[in-house]
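Listed next: structures, encoded as C-alpha cells.
In the two complexes below, chain A is the common chain; its partner is chain B in one and chain C in the other.
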Partner chain A sequence: MTRFDYAPAPESRAVVTIADSYGIFVGGDFVPASGPSFPTVNPATEEVLAEVGQASAADVDRAVAAARTAYEKVWGRLSGAERGKYLFRIARILQERAREFAVLETLDNGKPITESRDVDVPLAAAHFFYHAGWADKLGYAGLAGSPADPPKPVGVVGQVIPWNFPLLMLAWKIAPALACGNTVVLKPAETTPLTALLFAQVCQEADLPPGVVNIVTGAGPTGQALVEHPGVDKIAFTGSTEVGKLIARSVAGTRKRATLELGGKAANIVFEDAAIDQAVEGIVRGIFFNQGHVCCAGSRLLVQESIHDEVVRRLKRRLATIRVGDPMDKNTDLGAINSATQLARVREMTAVGQAEGAEPWSPACTLPDRGFWFAPTVFTGVSQAHRIAQEEIFGPVLSVLTFRTPTEAVAKANNTPYGLSAGVWTEKGSRILWMADQLRAGVVWANTFNQFDPTSPFGGLKESGYGREGGRHGLEPYLTTGATR
Partner chain B sequence: MAHDLLGVSRLTDAVLRRWLHGLPGVDQVGAEARVAGLGTRSIKTTAKAFAIDLAISMIDLTTLEGADTPGKVRSLCAKALVPDPSDPATPRPAAVCVYGDLAAIARNALGDSPIHVAAVATAFPSGRASMPVKLADTRDAVEGGADEIDMVIDRGAFLAGSYLQVFDEIVAVKTACARPDGTAAHLKVILETGELATYDAVRRASYLAMLAGADFIKTSTGKITPAATLPVTLVMLEAVRDWRELTGTQIGVKPAGGIRTTKDAMKYLVMVNEIAGPDWLTSEWFRFGASGLLGDLLLQRQKLATGAYSGPDYVTID
Partner chain C sequence: MSPASSTTTSASATGTATGSRLEVRKTYKLYVNGAFPRSESGRSYAVHAASRRGSAGPGAFLGNVAQGSRKDARDAVVAARAAVAGWAGATAYNRGQVLYRVAEVMQGRAAQLAAEVAEAEGLSAARAASTVAAAIDRWVWYAGWSDKLAQVVGNLNPVAGPYFNISAPSPTGVVAVVAPQGSSLLGLTSVIAPIIVSGNTCVVIASQDRPIPAVTLAEIFATSDLPGGVVNLITGHTAEIAPWLASHRDVNAIDLTGAADATDVDWGALEAAAADNLKRVLRPEGEGPAAREPDWTATPGLHRMTAFLEIKTVWHPKGR
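Presenting the complex of A and B:
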C-alpha cells in the first residue's frame, strides 16, 4: 500500500435475526395479515430481506379495536407515573439493543451504519426518555388544565410514517402519544417495515399492556384504511405533501384531529461573512445527510453573490472526499437510495434540471453495480423559476442560487409553497435574529443544520403541514383540555 | 513577498490587523463537530498497518526536560535509530527533538543517518527573553548541528495585537537559521495554541507565521495544557491548505503534546488526509511532536504482525 486508502470496515450483520416472513402486531401478538405479503428489500443490494404481510381493512379494524380496548380498559386509566415507567423501560431496551436496531435499519433503509448508529437509534431512545419524563407532569406543561385537573388523552391515534427515518419517526409518533395516555395503531412505510416490527418485540419485552401499540404493515391502501377508520380519534402523518392533502381532505368534516408533517424545500442561506469552512460542512450535512432523504433537507443553497465562486469551489473540493458505497461500511458517508421508485424520481428531476439549463456536477465516484444508487450532485446556475428550485427532490441533489442583499435572500427563501426549515450562516448575531424573524419556516437553524432534539418542537408552516412534534408543543396534539374535551 | 501579497508598500500593525481580521471566522461548534465526525472513521487491517508505519515515520521523538543529560539524549537517539530491535523493517522517526545545548550530542549520536535533529530555541517554552538572546539561542542550536529549529512566538505580543512585532521576530529567527554554506535549518513556528484560546486566533496566528516564512506551523510547546488538540490542528490544516492555493507554497503542520496513543495518531492522519489532502501525508509535511506515542505505535505494530499483544516489556523504553 502506498496511499492511505481506508480498508473495508464492515459492521457485522450477525447481530440481527431476520425472519423469512412477518405478520402484523395486534393486541400484543404477532398475527398473520389477511392481505397478500410483499417483499422488503435491501436497497443497497436488492436482496429480499423478508416477506411482510399486507394489512387489509379488516386487519386495520382489528388493530383499532385492540387499541380502543387497551385505551378504555388499561392505558387511558393508568397514572402518568405508571405510563412513564413503561416508556423508560422501552427507552432502555432501545439502548441495550441499539446495535441490532442500527444494523437492521441500515439493511432495510440503505442509510450508512454510522448514521443509524450515531443519529437514528440514539435519538429514538432519547425521544422515549424525554417523553417518559413528561408522562406524570402533563398538568404542569402549561397547555391548559391544572396540576389538579390535568389534560386528558385524545384516545386512539392512527399514525402513518415515512421510510427515511423509520425507527426515529416511529419514536417521534409513539413516545408522545403514549406519554399522554393514548393508544396507537402505526403503519410503517412499505419499503422499511422491519425496525417497526422489531420495536413490536421491544413492546413485548417491556411488558407493555397488549393493544397499547399496534403495528400494521402495508402500502397506501393500508394507510388509507387507517386514516379513514371511524374508530380513530386522531391522525398523525409524516410524509409527502401530496398524501398529506388527501389526508386533510379525508379528515375534514369528521371529529378526527390531525397533525401533518409534510415536504420541504429548505433554503440554506450563506452570507459573505460566514465561517466558510463550517458553512461548507453545513451545506454538506444539509443536503447529503441521509442521502438527502430528509423533509427538512437544505436542498436550496442560497449563497451571497460575492462568495459564490469560492463557496462552490470549496464545496466541490469537500465533496471529492465523500465516500459513497456499502452502507454497512463504517467509513461510508452516503448510502443507497431507498427504492427503485425514489431513484427514478431523483433521476427524473435531475434530467429536468439539465433540460432547464442548470449545470450539474458530481465528484468522481464508483457506484455499486447492484442496488439503487445516485452520486451526490450539485446544480449551479439555478434560478428561482427552475423546477429543481421549487419541487422537493428528496435525494442527494443540491440547487445553488445566489442573492445580493438580506432582503433578497428572505424573498427567495420564502418563495416556495413549503415552509419547513431554513438555515442561516453568518458571524453576525443580529442578522441571525432578523432572518429568523423574517423566514417563513417552522425551524430555522443558525450556523448549523439538520440538528434534532426531543426537547425542541419540529414542524412546518404553509404546505409543509401543521402541528409540532417534540418539546412541550409536541404534547398538545395528543391531549384534550377543558375547552376541547 | 509579504507586502506584495497584502498589496501594500510597507507592513504595519494596522495592515496586518486588517488582513488577519479579514480572514473568515471559525465556528467553534462546527469545527468541533467536523472533528468528531472524522473521528468515527474506522481504520482497519491494511489501512491500519500503513497508517502505523506512516505515523512512526512522522514522529519528532522528543525529550524536553530540565533533567535531560547527554546520556538521556544518546539513549533517545539509539531508540530512533532502532525503534524495534525485533523488526528491522520498522521505519525510523523523522527527527529527534531536544534543547539547543544538546543538539550537538544528538547529531553525533545519530551519525550520518537521515534522522534530523530538531532543537527548540528562542527561550523555549515561554519565549520571554530579549530578541538578541532569542537569536543567539537559535544560532547556537544551528551551529550545534540542528537541522530544524522549533521557535515560539511571543503570545503576549500576539494577543495584544502587536502583529508586526510577532512577524518581525519570526523573520529574524528565520534569518538566524541560515548556515554559512548558504543552506538553512528548517523553521517550525510554535503558536502555543493553548494560550491563544480561540480558533479565530489560531487561524490568524497560522497565517501570520506563514506570511513571515515559517516552514512548519506547530501547535504547542507541550509545556502548557491544553497542548495539541484535534480541532486546533484542523484549523491549522485548513490554513496550510488554503495558503498553498493562495501562494503556491506548501507549509507543514506539527501537532505536539498530548498525543499518546495509536488511536490518537490515526485520528490525526485521517484529518490530514481529508482536510489538507494526501500531499501532506509524509514526514516532509506533517510531524507528531511526541515521546510516548512511539511506544504505543510499536506495540500496535507488533500486534498487527503477530496477532497478539506483546505487552509493554516488549517495547524498549527510551
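Presenting the complex of A and C:
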C-alpha cells in the first residue's frame, strides 16, 4: 500500500532576530556580564545561536541590589491596581509577539514548534494575565489579611529555572512574584537563556520600572551565588531534587524562604476498564510530550495485567506514527534532546535498563545526523527494583510495569521518594476518586495527562519539593501573612 | 499526686504522707503507640518545679521522668507511620469529635493539670487555672476546624478548558515536633492540635524541663478515643533526640517551634538535617538565628495547620 508521507512544513525563523551576544539584564538595562561568555546552541543542529554572558557573584550582587532598590523605592509602594496593569501589559505583549517567542524557544530548546506555539507561549501569557488580576485582590485570597489590610510581599526573590520550559517556567516564577509586590532576580538555565533575555526586552517595552525584573545568565555557580545571597528574601527553584536539597540546606537556619519544584517519577495507571485508545493517547502525551523533559512526565506506565499485551500492542502501533525530527517542522511530534549532557544521561539510563533485564523497543525512525537525538523508547518487563522504574530519566523513555488490584497499583505508584504527579485511567468514577485520595502526588490527572493551567496549583509531595505554583495557592509563597503563633 | 496535695509543692516533692495515708506516686513514662512504656534505655532524669521568684537554684523535686532515647524516638516514628492511614482516612467529623473529646477529658482533669502547670511554670494558682482553661478551649477551637479546613484552604479552579479541576488539602504524614520549652500545656496543645486535626500523626519531644503536664496530656489522649500512634510523646533531653527525628527518612515534616530556649539545640542544624528528605519545616519564631517562643494566648491563625498540609489537585475531563 502506498504510504502518503507529510511534506515538510517548516516554520520560518525570520520572525526572530538573535543577537551575536547578550549581556545580563540588571536595573532595566542590558549590561555586560563580568564572567566569560558561553555559547547557547540549537540542540537540533548544534549551531551556535549566540554568546551569552556568565554572571559572576559580583553581577548577581548588582542584580540583587537593583531588585532591592526597585522593591523599596517603586514596586513595593505601587498600588496593586498599578502593578496589575503592568502585568496585563506584559501578557498582551507576549500574545502579540507570540510567534517570535515560539520560534526562539524551539531554536534554543529543541522542542517541536507546535508545542512552543500551542502550549509554552500561550500558557506563559495566560499566567501573566491570571496573576495580573490578583495584584489588587490579594486581600480576598483568603491567605491572610483582609481587603482592608492585604498581605505584604516578601521582598526580593531569587528564582532559578530549568531548560525544559524556559519561558513558561519564567512566567510561573515572575508573574506571581510581581503580582504580590515582590521584585525578582531570575536565572534561566544555561542551555536555554534566549527567551528570558527576550522577555527582558518585553519588560522594557512594557515600561516596567527598572530593577523589578533582573535576568542573570550563567550555569550552576551563578545560581548558587543567587541562592546564597543574603539580600534575597525568598528562593523559588525548579529543577533537580539533588539541587533542591542543596538549596534547602543552604537556607536552613536563616529566615530565607524557599519553594522547590523538583523531580518526579509519575505513575500513569491504566485499569482494564479504561477507554484504551484514549489511554494510549494519554500515555503518549504523558511521556513523549516535550521529549519527556517534563518533571511530571508519566514515565512509569502501570497497566493492569489483564490488558498489558493489548495496551503495549496499541501503544507500539501508535508510536510507529510518531514523527521525530526537525523541531521547526510543524509536523514534528518529538524534537531534539536539549543538550549533549542530557542525551548522555538518557543513553546511560537506557543502557542500565537493558543491563538490568528490561526489554527496550523503539519504532523505526531516522534520526538526523547532527544535533542531539533519541528515539522514543518503551521498556517492557520492568520490575519495581529496576533503576529505570525508580530514577528520573527526563527523556522519551517509558517503563512498563503491571499490577493486578487497585491496592497494588496504589502501592506501586507510591513506592518512590517522589510525589509530583500521577495519572489514572478508568471509566469507573468511584475508583478515580478513591485513587485520587490514595495517590501521594500533588497533581492527579484522571483520564487525561500533562494538563496545565494558571488557575490550577502545581507542585509536589515528598522529595518532589514543596510549595505550589499557580492558582490561589501559588500566591502564598510570595506573601508574608503576618500570622504567626 | 492528688490535686489537693499538689497545691503545696513540698508534699509531692518529699512524698510525705497527707494526713495518715501514704500517697501513691506516679511513674512518669513515655507514650508510644497508645501505650506507656519506660524508655528502652532504662534511663530517667530528675524534674524539678520552676524556681520560686527570688530563690536560687531549682525548685522542689517533682519526679523521675523517663529519659527517651534514639530508639524510643524511632519506635515512635514506626507507630506514627502505622497510624497515618487510619487517622488520615477517618472522616473529618470523626477527627473533630475526637479532638473535642480531648477537651472534655481535660476539663475533668483541669485541677490536676492546673496544679502541674503551676509547678512546672511557676505560676500562681489563678494563672495556672486560666492557662489550663485556654488550653482546653484551644482543643475546642481546633476540633471545629477538622471539617472546615478543606473548605477554607481548598477550591475549585476555573481552568481554560473542558475539565473539572479541584484542589484540596491532604495531611503531610508523620510530623516530628519539638514542643515549646516554656508553655508546658497551652503551648504543647497549640502545636499538637493543628498537626493532628487534619489527619497527620506526630512524635512530640516534650518540654525538657517541664514534661509533667505533657505526660498527663498523654494520659488524656489515651482515654479520648484518639487512636494509638496518632500522638506519641517522648520525654527527655531535646538536644539528644531532636537530631534523630530531623534526619529520620520516614518523617515527613518537623515543627521546630520548641527550639526556642531549648538547651544545646541549634534549629538551623535541625533544619539542615531535615533537608535530606525535604521535610517540611516550620521554623521557630524570631528574627535571624534567634528563636523566640510565641505568645500562646492569642487566637491562632491557619498557618500551623497549613504548614503540614499538601495541596493535591485533581483533573478530570468533562464531556457528554
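Everything that follows uses one rule, which is that the second predicted complex is superposed on the first by the 480 of 485 C-alpha atoms of A that agree within 3 Å, B and C clash if a C-alpha of one lies under 4 Å from a C-alpha of the other, contacts with A are read in each partner's own complex, and residues count from 1 in each chain.
By our rule, contacts are C-beta pairs under 8 Å (C-beta built on N, C-alpha and C of every residue); 3 or more make two chains touch, one makes a residue touch a chain.
From a predicted model like this one, the values you see are computed outputs, not experimental measurements.
Contact with neither chain B nor chain C is seen for A:Glu46 once the two complexes are overlaid on the shared chain.
Look at A:Gly282: by the touch rule set out above, it reaches chain B but stays clear of chain C. Ranking chain B and chain C by residues of chain A touched puts C first. Judged by the touch definition given at the top, the superposed model places A:Ala436 against chain C, while chain B stays out of reach. In the superposition on chain A, contact of A:Leu461 is made with chain C only, not with chain B.
When the shared chain is aligned, chain B and chain C each come close enough to touch A:Asn447.
When the shared chain is aligned, chain B comes close enough to touch A:Ala7, but chain C does not.
In the superposition on the C-alpha atoms of chain A, the part of chain A touched by chain B in one complex and by chain C in the other spans residues 447-448.
The part of chain B that touches chain A in the complex is made up of residues 24-27, 29-31, 33-34, 40-51, 54, 238, 269, 273-274, 278, 281. Contact residues of chain A toward chain C in the complex are 126, 142, 144, 241, 244-245, 248-249, 252-255, 260, 262, 417, 432, 436-437, 441-448, 451, 453, 455-459, 461-463, 465-466, 468, 471-473, 481, 483-485. Across the complex, chain B is touched by residues 1, 3-9, 114, 118, 273-279, 281-282, 321, 330-331, 427, 447-448 of chain A. On chain C, the positions that touch chain A within their shared complex are 152-153, 155, 157-161, 163, 165, 167, 170, 172, 190, 252, 266-269, 271-272, 274-278, 280-281, 283, 285, 287-289, 294-296, 298-304, 310-317.
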